[in-house]
């Protein structure tokens, strides 16, 4: 595996004042075992998250983004390599890394929208019930679902379910937030509003974000750092800096150029 | 020639705000009553009773198969004399104990089974070994450990509730959506808390069918077992009542006793289980109300 | 071809049936009476209540059970199906066996003791116990031992008596359970049904409906003839009868043990009813049967009336 | 001061094609054997047998509770003499008939129940009425309709299989994802074809637990019922064998008969049901292999 | 409800040669009943589909797009109004209107990818098994999943599942194709490829398409006609013609202007 066009070597030391990485994936292979079959989802993927990073995983469908997220969340163990969080290998899931899953069935159907948002706060004993309720109502307001707080998940549309899941994660204000295509089911305006809420909360709390998306634009707007993955099985194609872009930079020429560059990196057949 | 859709003009509307009250409306009471289905079920029961009456008259063998009307007379008599209520209560008190213990054990065993691999093997092995064993297989153990009377009855009841309940609960646990389980584990739930907060509610449909089956089989078992462990004379519950009247060929009373079992079954089904389901899995969209 | 279905119960008390089956006696006598190619279907049925159901449903033509169940059946079918006894199937004592040294008579049973009977209150074993209590403690005391009785099938009760270790200290045991219990040390008899009913009181009866007897008189008679033959055969050949028992039922009991039972004087296979009436009278007195039989002949079909039964 | 992530340089790799064979690999036989769990289950069985032996020795009451070793001797003897195999086969032949009929009826009843509202009420009413009834309640009807013998045995067996099976299948049907049902209906599947192509496979986990429960209870029922409906002329199955030996106080043989039930249960569970599940719901990801 | 800015009156007669509409929604109210509650999803929605229309439903999350699609597919009956197909009211579902659902669980998990694609062809008796297999393989190739034809759905990523559902629908070549955000879970390139395939197939077969999306751009690229819906409960805000735009018109100024116009129609709070 030859590194070319590398504008800065991978291992280049950062400025002295730079903090230690919060999370490191070191040459991670992820595999699914299923009956007698074994499917490799990622191959030798390495990356580092620093505190307050908004780190985006970008790649084609089926390249292993969700799998990587599940591994960081502690639901899967690497078949090779390791994932280190705060100096210790990830052993299992925990409320320090709150996940928004890609699937629509992540909400317990027996809890109302409000109870769903309160659930992790109460279950992980972050807040007591009354405070949890207040925080939950606040977050529901942010995702525009205050009116549906007493509805059950099966009474919501796909996009509404995902917004509940987002509210639930935001309410936790976790140290690390892992989001798997959270806005995929949302219309342009709602998606925009969610991006704004997410970034505003980040600006306030400065959590570390690991964000999966399939939209190049979203990656650039939401993230300060983007990891590009190759098609199945996912390998690291590039890691790019997007610190300069934000919610307002949509139309700018630099933005368009970078988007174009990412597009070609992602989708041109590697030789 | 390929079909081409016509080009039409565009149009836009300016929308007035809708009156808020239009959007959520409560169904009127008649519509809700229609949903209950009480009447339809009563009709079915009435048809079954009619069928029974006809079959009984056809065979005209009241010592073997009394008619519905004779049985009704016997039930009325038994209720009036106070004997049936006492018997029913005698059985019910034991049954509920055995049922409750069976359920708790089933939950414990299945919780162990979802948490550990050993637990899973244990559950599977115990169930496949003990579940097909008839109560007489337990008789010696019951006699030696618990002696005559309630202890042994409960032991046998637990045997009849535990295994089907455990099978159903475990099946329910295994069918829980992986995403949901991951969500629970994500919030730090593990072991018993994961079971209590995620697996049990998510498996409720299967748990309910386990509860129903356990309920039914505990009645069957109790009635059979009371004849074996049937408390010292004069006491004993419905099973004993049935057994004794059967021995004395007072078949009306036998059927009166059985009718009580049916009535209790209908009540428990319609007042308890159905409402439990309505308040939980149906309300939560976890079980289709209709197809 | 004509078919006769007979319900038999389990065990040695029904030896007459096994001999009849083994030697094809019914078929033979039926042929003698002009019923060619009669097919006899023997069905093993457990317990009096099941036997009743089988007879009432027409699943069997002839049934067999203890005197108690027959009396109940006679009473309940009086005036419609009219079930009556055909003949007795022999006598054997029902014995109250205890494994407690201290218990010499009924009076020695304490509140801690338990007496096993197949069905409390209503089984023939219970009735005999009630009669004994009435005799010993006074007419109005017939229910005195009731609180001590528990329902338990003979095998479990026998196992409990033989090995001890349970609450059961007494068992109203049918043969061969009483003999098996008594083979052990530390067990003895407290009461015999013969003490209550009279010596060699019939234990089990064969019965049928009036309709069967009237519609198939030849078969009925052939059955009775076969019973007589079998009864004579057993009396003459106990050892061979024991062999027959093992052969027909597939029993695992020791042949010597079975033969020894058959040689006991109180264990016989006479078909003439003996001392059945005291039980009938008692059952009427306590309300177990509503009809009041004037004599034993009321619940037997006439063919055996002349034989000096009781 | 707010945390700000450091700015790092960018990098890009050119990726070589990966060798194709790396991506799908078959697990080696040892890993697969480990997954089977046969050894673990055998261990559990061995522990249970050991426990039995100890308890039996503690009570030292072989007439009530023979030891495992005595029972083993009796099993060996029964197998050698050919009696046990004959009895087992006698029971199994009847049991399989009743089991099959019960399953078919359960599927028919539940299919009706998902297709029509009347069917649903009918199922719910029949189940709650009949399911708690002990077999003796059916005795008169069985005798009047089928007489003594196999017909009645099968009737009683069906009663023991039908209700739990129907309850489980119906619960399974109701839990099928609405989207999946809509997909099926979208392709024009309706009524029985929808049931066959969508509902039954989607409800397989619940159906399997119904099959397991039905299997267990049909054994229990058969053994109890064989004593009632008896056998004609010395034939009869395992239930009769147990009854006969119990009456003759040959408790070793009673337990040998029961041990056969257990062994058959273990075989059916591990050879049939487990493999069925492995080939279906587990393979399809419809039932979690582990938590 | 006042119609303004209406460049052509709703009821204006079309040219003589114009065909009759294939499908009409006439003032459709859709409601969910749930226990004692009743939720209105759409209010008085009317539209018409002509043969070979590529008709897009566009609107914010929760406005009733999926519900409308389900009503057209025959899974829900209007609480008021009616839906007329080919002159007859829609009575129930049928294989003439093949649906791609929004949810990820629309694939029978007990069928492999290939069997899933063959399933409707065989179930609705459109083709015999061998032909169905051929057609299915062809469609799997189009969605880029040939390599996964023997995998089971639970072994696929979210985007892969949706692609199987798309292949399954395309294989049916139905008269009417109903698609509910089919490309929402796909990355930019795959989405583009799917759009191309869809339009190519349309060009060949000329089925009628009813397409739900939350992307304004996608609506304009895929559709020739777009119905804009208001937020919950969904009402018709506007119906626009997009015949002129296609896959290649992404950057054009007219395209951008129209997109901007749609955006303001959709998301400006109605007074």
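Per-chain numbering from 1; labels A, B, C, D and E assigned in written order.
The criterion applied here is as follows: contacts are C-beta pairs under 8 Å (C-beta built on N, C-alpha and C of every residue); 3 or more make two chains touch, one makes a residue touch a chain.
Here's who's who by UniProt: A, E = Sulfonate ABC transporter ATP-binding protein; B, D = ABC transporter permease.
Keep in mind that this is a model prediction, so the values were computed, not measured.
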Both-way neighbours, i.e. chains that touch subunit D (ABC transporter permease) and touch subunit A: B, E
Remotest chain, subunit A as reference, centres from CA atoms: C
Distance between chain centroids, defined by C-alpha means - subunit A, subunit C (Å): 83
Distance between the centres, which are taken as Cα means, of subunit E and subunit B (ABC transporter permease), whole angstrom: 44
Numbers and ranges of subunit D (ABC transporter permease) residues touching at least 2 other chains: 59, 61, 64, 140, 143-144, 246, 251, 283, 285-286
In subunit C, residues with contacts to at least two other chains: 53, 57, 156, 159-160, 165-166
Residue numbers of subunit A (touch at least two other chains): 34, 39, 103, 105, 155
Contact pairs between chains, per stated definition: A-B, A-D, A-E, B-C, B-D, B-E, C-D, D-E
Subunit D (ABC transporter permease) - residues contacting subunit B (ABC transporter permease), complex: 37, 40-41, 44-45, 48, 55, 59, 61, 64-65, 114-115, 117-118, 121-122, 124-137, 140-141, 143-144, 163-164, 167-168, 170-171, 173-176, 178, 181, 205-206, 208-209, 212-213, 215-217, 219-220, 223-224, 242, 246, 251, 258, 261-262, 264-266, 268-270, 274, 286-288, 290-291
Subunit B (ABC transporter permease)-touching residues of subunit A, taken from the complex the two chains share: 70, 73, 75, 92-95, 97-99, 101, 103, 105-110, 119-120, 123-124, 152-155
Residues on subunit C engaged by subunit B (ABC transporter permease) in the complex (per definition of touch): 48-49, 52-53, 56-57, 69, 72-73, 75-77, 81, 114, 119-123, 126, 146-153, 156, 159-160, 165-168, 288
Subunit D (ABC transporter permease)-touching residues of subunit C, taken from the complex the two chains share: 5, 10-11, 21, 41-47, 50, 53-54, 57-60, 154-156, 158-160, 162-166, 177, 180, 248-253
Interface residues, subunit D (ABC transporter permease) side, partner subunit C - complex: 59, 61-64, 139-140, 143-144, 147-149, 227-234, 236, 240, 243-251, 253
